Every structure is written in structure tokens, then in C-alpha cells.
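The chains carry the letters A, B, C, D, E and F, assigned in the order they are written, with residues numbered from 1 in each.
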């Protein structure tokens, strides 16, 4: 008999054989409003057995691929910089083994750790960013490392015109105005995505999905629900579109199971991860 | 003074006068994931007083018809075959009295009991099946009687090309492939329904609605929420379309009030039942 | 140090400088089914700090306007007429100071108190009414003052053809039939709104939004969720359209936080209030 | 087949044969803080099937007695005096048929309706009152009819030294001081109950239990949980003690299922009602 | 990197080295009232990281012992006899390896599977049974295999005077009367336990704890909460007392996380399991 | 009209006149397990209107004293040291104005900020600490500033034999052993409190109450519920006992409203704060 193993459905392969490596970053230490995304990765793993490995949308099956699920990193609380270092090291290892890291949040700031590693491996990195929020503040409550500043910090690293934002519908006035000169910000929906995908053909792309890009009607299990979001079908099609690119790393963040009484948000997160894993194969 | 009576709104008629007979089948004994549909029929009855008897969609009123609500069958737990027998007997009685049975689930397997009775009365029975799931497994966790096998068991009885499935968006790969040769499976939505209705004009039809055909945004109170479902308006129109057929029996299953914290799922189930009752009159 | 102040985000101006005056009417004493809207105004105020003051839809910012938030009226329970008087007095004061009252419910009956005051100031008052329900009963459970009769009572005051109703999808048959001769009732959506706005140019308009006009998928936190409602985007556009009129008073009612486990309903209510405040400036 | 009947477990007898008559008073219209007791009687009836008819405490079984359950009165909201009249009439009928009314609340004010009827039948009526609160205010938010004034209104009818209060641990200072001269108020627990029972031997007694007399650890499903309450075992023993008296009517009020996520509060209410019904037989 | 492992805290040893073997039996298929105990074992494992491995009560630490956690059995739903066989086989294997099986439920019927195995190994088996319910029905809703009959079925195997029951406070009259001649039933608390422990010195004992023996105030997360139960401290002392015996197998059943909104029930279950594991070492 | 003010009940006095100054520290940034105490102070303030200002236990009334409620500090997330500085500064101001600071958490680490200020004012400071947990770790997940290390950090400042701990029932083995030489740790209950109060007569005492010292049956609304705690009555008496000392500052921490579905935990926290405020006057 062996000890109990728990992984995302269809991701039972061992590390060596796999080309994609999932891991959880259960951190929400800069979340200023409603916390709980620290429980996101665990919930996704646990509830994934409520969905199938087969996608009728893409006619593909997770059972045909080699994917490894490491489980969650053990992250501290109260020291943000140390958390980002731990994430960066995990991503370094995976990049160095020529695999694709797939991170499950946690809050959106965890993306910064993975992108720091990605940029070392792929200096010409581009970002595709699905989100309800701009995340472009210079600082938040006096702190420069925050879920609300994460894309600004990433901009510090990758520079102008490398960040392609979609679905954005909330932020301060000055964030929207700043974006006009520094990022490719698309409000409300995925208009402009096809064009971006054309532009980025063959280039290394890090793909970050903040699940609150979804409308709260379909995804209420998050800290800051923002009305007016995209539908599952729109997100699904956008993911399949992005899957045509050279995705070198990805993450999916901001599920907060505390606010998902019915389990529908966790279920949709599982399904999006399945479709994402299949779209990049 | 008389003892307290509790029925679905507008269904206070006595058995003899009624042409439609509602009853509950509070069973979820094969539900492998998240149980709770056993409480569905009771919740629907109790919460129905939050809606009106009048439908502004069909401009009809339940008060103009004769419908009887029996309440819930008393079903055992732990012996699936006995449960199905009890349901079949109840449906037998109603069919023999030349009335239309309308069953409130419970899980989807209860449909098998009613269909067994329906086929005895109408050997040429056709099935219209709204669902998120194929329900076409040969067995599930080693059992042949399961919510996940119910349409396959019904196929055992009615044979090829009698089952018309709509809204299907989840299942194993082999279920979808099997369906290509044995059922009329329509993925994701109600495309193809109009054609099916033409085909089935005048024939006896059993109509089974698994409420998880609805998108979880509108109906999260169910054991296995599947993103990408149909809307209330789409379902409503489909029900009115099906109402043109010779419906000899029907059911509405898989409401699990446990996962309906707000009550919105139970409320929509009540409204769908109202529209269904009106559409077949 | 000063005592703790709590207001709706961006509404910190003092009374004298403000042209709009918010106040809460935490009353649900005639709610027959599921109570809880008494907590609505408080929740909106408290959770408003989860949204931004800037609207990317209208490209306007609350920080550019002068709005005052009084907090909640202290209303009794059990004496409906007295509650209406207290609301009327508050509105009288605001009207007399040549400001626009903006009331947060509470149940829909509170609108009657504000309209009584509005009619004194603007005898030729028109009403724009967004709601799932007709609210046109003559009496309900024997009472003439009820959330289910409020538009009928308002009709008693303003007369025929002054009430313009949108999004209506629930009511008794006789209410719908009565409306044909006495109000401008538009079923299900905002078709007809543009025409009504043309008609009412320059006239004094009281604007009442029952939040259950929204689909329960987007707004489940209410006593009587009615499937088949409008979307946030549709409501937003309708509000911007109505904002072109001469709005002399407004309210937003029927948020019941008890049924909003995820907080998404309260969040959308905050956003709608923000857009409403910006649309009338 | 007969329409679905729903009664409290073991209370299926018909009206004529029964010596005790249960009915629900689903009213919480004066509840100023957290409403929801309107759902109490229905929840008790529905969940009673989770307990047994047999009491191992009293070694008695409900099946050995004749008890009738009428169901809930249909009460209006918004007109407190009319509600009290409807309750009084129901109690009048039961008293006139020489039976014992047993009312399930609802909020505590409903007791006033039943006591008005009781005093007509038994002019020398005494009251035994279990509660966390004094309920002795002269008025509350300007209203004299309120859950917070109910024992004061009953004092208006029965006069000094007729009300025996136990378990009281919350109220205004002046209520506690007023009680010293007008009622027999026992703080915190049931000390003094034995003495009161001796005093009241043979006299007609109305027995009212506000379930919030229980500690919130055992009974959190109520509008105003007050720490420091009595335990189930203490309440059980007190009920058995009171059962030695000539109980001419009784009620059990203030269960609010909204705040009872686990169902434990509703379950304890069911058990207390069972023990109460058995103790007076 | 290795796949994610999830075990009860402090139970990371491998199978060969361990003298105690934990496993989950996630089955609630005969639960007639409120299901959900199928999620019990998983929740206990997952939430155990909220407690410490050290017991200040016994001054012992799980880190000093060798315990293995297998995870959950994969059990079917809808075929009760097959479930019991699967459990029996798992227990057989553990007994044959001269280890102590420790099962986490699931509903109480799972105990029957383990006891069937235990009796094969230890024909003179005695049972210590902590529970709120007698569980001594001959059949329930027509079925002989049920959570409500489990101790009667065990009596079929072990015979008279081998079952020692404590904390019992709910059941049918005839169950209590039957127990007088066939089991050692102790009502309400642990009076009589010391005597039983003396009697059973040196004999093989199977120890089954139905967590609903606890008062619902401390443990509301269960299907059938029964007021008047024992406290954590009383249960802890009783477990330490029983730990003096020759425990050959044990289980802890009936946690239903669905009804444990706060997590306090799951936390207490974790702590009881820790104390139980330490008491038998 | 003035902007809406929200304070703890009975604490409406202005700063200058008051001898006690309440403020909230809404921080839970080092909480490793279940967050949410950041909402504690706001919930206490908001729900305090459900209790009375009068204590029947102490026969005192908040209306007779001068207490000021500042509201919540605006604290950042992600930078623990900055948070502690902000708290320390607030406490400094209050101490310098010769008033008593009363802090509402937030997690337990916030106490460190207040104690840093207190020690500057009262170098011979003693601590009375009510808690379920030792909080004596040297570091937690690599961090020295944590809710799990707070009393160790305070020991760094105040030294041996100055910390008096009561109700402790959870921690690592080495924490309990370390305490034997450095603090006055009393396990499980308040035995030893009377002696400590004698010892500390006249000395400056900072009083910190972690509400999880209460049994989870009475207080489940906290991140880490620990069975076997003290009762409200025991805590109340202990608070009155401590009130005899020279309390120079105090706090009450670890209410997490997220896990308090019924509101009973928030209600008991309000009552404890009332009793605490009255006991030190």
C-alpha cells in the first residue's frame, strides 16, 4: 500500500516524462479586500474529479498527454518578497528542465515570481493577460508588491508593448490612462485578441488568467467580483486562440473557494484548466 | 379544521379530476459526487409559493387547469432496484388511470423507473432528454444502475434512435462516440430540436429534463455544475416547442437545494415546472 | 481624532455643497416572502470600498462630483404608515433644499414615501420603473400598503400614463391586464425605453430601480429571484439612457444581503449605484 | 390518492379527537434586528422527521397521544394589530372547543394574541416565561406592539405578580428595575422555578418559551443570540417541572432557520416541542 | 519532484513500519435523512494540518509513532453489500499483516464491514460503541443494511452482551427495550464505562465512535444532530479510558462537512482522532 | 445633516473626554491557515447594536462612561513590520494622552504593536494573556513575526515571568516545555488567575484576549477553533477578576466573521467587549 496521492485529474504522470508541470502557489498575503485565494489550488485539485478528462469542445483527452502535478509550494505568510523568491525558484527548476510551468494561485501577485523566472529563460518574453482589473498601480496602500500592482511590476521587467490585456473593466482612472502608452489594454472583452495572436506568432508568451475576467454570474468565487465580465464560452474560445502561440508558461489565479458556496466557481476553474492544458498541447 | 396540506402552487385539484399527476421521487442513492437531490422535490413544492400561477410568457394560468400533487414517495436508501420498482408502480397506476405522470427528482436514475412504466403503456416510446451529461456509460464504479448510466439503461429498453439528447456538454470520449450510432445527441444547445419535434409529431414522447442542462450561472444548485449551459430563455423556448408533442409523461430532476444558498436555483426550477405544466396543456 | 465615519465610496462631501443626497431606508416590513432588504443600504455602503470611483464605461469619476451620504434613517418595524411618513419627511427636506434625493432600500414600498414628497415638489411627476414585478396589486393579503402594491399606490397619486415600467416578467394575470390601460408596461427587457426617454424630455422624472430586474444569475441576493432578467450591461445602458432625463429623485431597492453568500450581488449593486450617480451628473 | 399532508411528527390525529392543537404563527413583522422567525414553524414541521416520537428522558411516546397540527395561519405583513387579531381568533376557537392551543412562532409578539384569548377563557391566568430577554419595554422605536414589549403588554392584561420569568440575561437597565416591582424575574437560569411551580399548583398557566433562553452554542438559529444561556438539559428539566402544572396553552417562538446553517437549532426545537408535548400529557 | 501526497497529520510513515493503518470509507449510501458523511474522511485529512501533532492532554506526540494513512477506498454507490465487501477486504489485509485498522467514515454502516473482518481474526470480539443513537433496528424503510441497523447486524455476529453502548439518547421505544436484554446500553453519558473497561481487560475490543455522541453545540457537522450529548472533555477522558484496553481495530464515523460551515466540527474530529491514535499507543 | 457615523454601541463620546480609546487593527497578514480576522473589528462595531449597553452581570451601563471609538486603522497588506509600526504609533498617541488604548483585531500579531508602545510608557509592563494557543514559537514557516510567535516576541521585550497565560490547550511540545521556564502558563482554564491577580496588584498590566480561548461551541467564528475551551461565564468571571488590576491597555483579537454564519460569535465578542469595558471602569 502507498500513501494517498492527490493530483489534478488526468495529471498523474511522473515529472521526468511530463512536458507540463503544475504546481500550486497558495498565497494571498497582499489581498487587501477579501482573502481566500490561498485555498484555490487545493480546491481545484480536489474538485477536479467532478469533471471528465475529455473535452467535447476540443475533442481531446487529458489521458493522451503527460502532465505532472507537484502539489502546493509551502509558502510563508507575512514576507512577500520571500514568497516570490520561492515561486521563482520552483519555476527556474522547471524551465531549466525544458518544461512548461503551470501555476495555480493564489492571488495574482504570484505571477510576478513565475515571470521573473521566465524572463531569465526567455528575455524577449511577451505577456497575455486576461483580467477584470488593470493591476497597473505604481503602489497600493504604500506597497509596491501587491495584487493591484503586479502587471506594473511585470512591466518594469518586460517593458512597453509586451503586455496584452483583455477583459479589463475596473481600475483607477490614471491606470487606464497610463496603459494607453505602455500596454495593449483591451477593455471589457476579447476584441483585439486575434490581432495580438497574429502579432505574437512564434514568440515566447507567458499566459496569465485572472479568473475574475469571467462574469461573476459564472464565477462568484473570487475576492473582487466585477460585473460585466466575459462568459465561459468566450473565455474558452480565447484560450483555444491563445493555444496557437508558443506558450512557455502559464498560470490561473484568484479562485477563492470561501465565496463559492455552490462549488460552481471551482468547477468552472477545473474546466478552464483542462481546456488550457489541452489547448497548448 | 383539517391537517396541513402542502402541494405545488396551483396544483390543489383532486386526483380523479386531474389529467396531470405530480409526485416526488426523493432519491439520490447512486449519486457518486455531491448528494442532495433527495431534497429537490420537497424544496420545489415548498418554495413554489414564491412564484405566480400566471405565465406572462405563455399567457396561461395554472388556475385554469386540473393538476394533482401527490407529494413524495417514501423510498428506501441502499437498495436501488427496490427504489426503481416503487417508482415504476406509482407511474403504472397513473398511466392506468389515463393520466400523465410528472415526476420531480431526485437524481436522474429515477427516470428509469418511470420509463419502464411508460414503455409498458406506450411500446413505441420516444425520449426527449435535456441534460449537460450524456448519461450513456455502460457502468459506473462497477454498477450498471447509476445516474451516469440512466440513458444507456433506457436505450436498453427503447432501442436505437429513440433518444433525442440536447444540451450535452460533458461525458467520457467513448460515450460521445457511442452516441453517434445509437442516439440523436446534440451538443451544447437546442440546435436540432425543431427537426426532432417535426419527426416525433403524434408519437408518444417521454420528456426528461435534467436541470443541469442550464448554465450554472442560472442554476448552481446541483451536484455537478457544468459551465457552458443553456439559458432560462433558451430552455423555456425549448419546453414550449416540446409542448407541441404528445407528452405522455415527464420529469424534472437534479435540483440539489444544499448547493442553492440564495434560493435562485429552486426558484428557477419552480418556474420551469410551471412553464412545463402549462406547455403540455 | 474623530469618530468613525462610513459612507458610500466617493460620497464624502458635506450636505451643503452636494447636489445629490444619499440616504438608506432599511425597511422590509411588508415583505411577505423572504425578508432581509433592511440590510441592503448598510451592505452597499460597507462593500462600496471594493469598487473604484472611476467608471470605464462613462469615463467619469465620483471624485469629480459633490455627493453626500446621510446614512440610514432609523425606522420602526410594525407600523408601515409611520415608516412612509419618516421617509417622506426626509425627502421633503432634501427637495426643499433643491437637491436630488437618492434612496437605498429596503423593500420597494419605501419608494412610495419618496414619491409622495416628489409629487408635492413636482406635481407633473413621471416615473421610470425597472423591475421584475408589476407591483400593481390593489391589495396583498388584505393590506393596501405592500411591496406588491407600491406601483398601484403610486398610480393613485400620479394617475394614468405616468408610470413607465421595464423588464417586468412576473405578476398576476389581472395585473398585466390592468396595466394595459393604466401604465406603459414593457415586458422582459428595455425595448421601448428609447421612445419613453424621447417622450419625457425635460419633464420631472423619478427613477426607481428594483434590482431584481437583473437576472438572478447576476443578482441572486434578493427576496424573490425571477429567472429571465436583464443583464448588467443592458441595465447599465438603460441607466445611461435614463440619465439624459431630468431626474429629480431616484432609488435602488431590494438588495437582500442574506441571500448573497458570495458578495457578488452587493458588488453589482454598488457598481450600479456608481453608474447611476455618474449618469445623472 | 390524497394530496400531500405535512404535520409535526406524531401529530397526525384529527381535530375532534385531539386535546392539543398545534398551529404556526409565521410572523416576524416587528423584529427590528435580524428577521427570519417567520420560517420557524414550517422548518420545525418539516425537520421533525429527523427525530423520533419516543422520549428516552420521559419514557413516553407521541404515538400514545392525540395531537392535531393545523399548519400555519396565513398572516399579513405590515399590519401588526390585524395579525394579533387573527391569532387571537384561532386561539379562541381552540379554547372554546376545550382544547389546548400550542403555537409555533414566529417572533415573540405572537404570544400576545394567544394570551388575549387565554385571558378571556381563564381570567386568573398566570404566565411562565422562559427567555433571554426581559421583553418589558414600554415602547420600542416608538411602537408599543413589538417583540421587545410583549411581556409588558401581557402585564397590561394580567397585572402584577402573574408573570414568572426565567433565564433572563439581557435588557435595558430600567426594564430590570421595573421588573423588581411587577414580575417575578429570575436572572440567568431556572433557580426559583420549583418555588413558582409550587405557588401555581392548580391555577391556569400559559407557558411561553422563547428559544433564545438556550445558550447560542446549542441554539444559534435565532435573531438575537445571547451568550450565557441555559443548556438543553436544564431546559428539558424545567419543561418537565412546568409540565406538572395546569397548562392551558403554550407556545415556542423565535427559531430563525436562516441562521441555522447546520440544522442543529431546528433539530433542538423539534426535540423541545416533543418533550413539551409529552410533559403536559 | 514527487506527486502530491496528502495524509492525516503525523501519519506519513510507510505501511510496513506502521502498527496502525488509517483508511477512509467515503460511503453514505443508506443515510436516509441528510447525506454528506462521504466527504468526512477527506475533510479530516485535509483539515488536520490546522491542529498540532502534540497532545497537551496526554503529553504524547504523533511524531513519536509509526502510523500509515492509505487514503480513501474507492467505493461504489447504490450497492450496499458490495461496499461492505470492499471494506471487509481492506480490513482483512490489515489484520492479516498484524496491524490495527483505523477507519474514517462515512456513515456508521461502514463499521459492519470492518467488524466482519475483525471477527474472523478475533472470534471473541467485543464492541465499545459511542453514539447518540441505538442503531438497533431490525430493518429501516424495509432494508436490513442501514446506518440505523448497524449495531443490530453486529449483534447478529457477536451475540448478546458483547456490545457496550454509551451516550445513547435517541431511538425507537422498542430499540431501547430490546437493548435491555441484548446489549449493555448506557443512556446519555459515560457512566458505566469504567466498569466495562474493567470487564474487558485483555480481551480483543473493536472501538467505534459515532461522532454524533458529542453534543451538537460542539459538533453540528453531522446528519442527525441530537441535543443533550457529551462534551469534548468527557469524550476525551472516555477515549483515554478505552485506550487501556486491547483495541484491535477502531473507527470514527458520521462527520458531514456539508453541515459544518465554520469548520469547528471537522477540527474537533481531527483532534479526537489524534487523541485516539495516541491513547492506543 | 451630518455624514454617517458608526461606532461601538455606547462609545459615542469624543476623544478628549474619553479615558478609553477603541480602535480596530484589521490585519491578518501572517495568518497561515484560515484568514478573515481582518473583518473582525468592523463586524463587532456593526453588530454591537444587537446588544444592550447595560450589563446585568455587573449592573453597570456603558452610557455612564466616556469611551471613544476611532474606527479602523488603514493598514497595508504584505509588509508586516510596517503594519506593526502603524499600530505602535496609534497606541503611542493614546498613551501620551494618558488614555487607555483598546484594540480590536485582527489577528493576534497586532498585539505586538500595542505592547511595543505600552512598554515605552510602562517599562515594568506585565501581560495577561487568554488564549487557546501558546503563541510561543521562535519562528513560523521561517518568519519571526507571526500570529504563532507573538507571545515569544513580547517575551523578547518584557522578559521572564511577566507573561501570564490562561486557557492554553494547543501548541508544539517544545513550546509547552519552553514556557515552564519563561512564562506563567496555565493549561485549559483559569485556575491560577486569582493568584496572578494578587501578584500583580498595582502593577501596570496589558490584557490581551484571543477569543479562541472560548470553546468553539460558543465561538466558532475564528481561524483555528480548538475544542476544550472555556465558557462565556468562565471568561466573564475571569474578565471581572482581571478588571481589578491596573489595566493600561487591552485588546481582543481573532474574531473571523467569515466562519460565523449565525452571527453568534460576533454577538459574543460584542458582549465580551462590553463587559471588558465595564470591568476596567
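Heads up, the rule we're going with is that a residue touches a chain if its C-beta (ideal position, glycine included) is under 8 Å from a C-beta of that chain, and two chains touch if they have at least 3 such contacts.
For each chain, UniProt lists the protein as follows: A, B, C, D, E, F = Agmatinase.
Nothing here was measured: the structure is a model prediction, and the numbers come from that model.
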Kindly list the shared contact partners of chain A and chain B, in label order.
-> C, E
Which chain's centre, taken as the mean of its Cα atoms, is farthest from the centre of chain B?
-> F
Computed over C-alpha atoms, the centroid farthest from that of chain E is that of chain C
Hey, how far is the Cα centre of chain B from the one of chain F, in Å?
-> 55
Intercentroid distance (Cα basis), chain F paired with chain C, Å = 42
Residue list for chain F, restricted to those that touch at least two other chains | 215, 217-218, 261
How is the touch graph of the chains shaped: line, ring, star, complete or other?
-> other
Touching pairs - complete list by chain label | A-B, A-C, A-E, A-F, B-C, B-D, B-E, C-D, C-F, D-E, D-F, E-F
Please give the residue numbers of chain A that touch chain B in the complex, ascending.
-> 49-52, 54, 56-57, 61, 215, 217-218, 232-233, 236, 261-264, 267-268, 271
In the complex formed with chain C, which residues of chain A make contact?
-> 33-34, 168-173, 176, 187-188, 215-218, 220-221, 224-228, 259-261
In the complex with chain C, residue positions of chain D that touch it | 28-32, 35-36, 38, 74-80, 82, 140-143, 145-146, 258
Name, in rising order, each residue of chain D that touches chain B in their complex.
-> 1-7, 12, 14-15, 21, 42, 45-46, 68-72
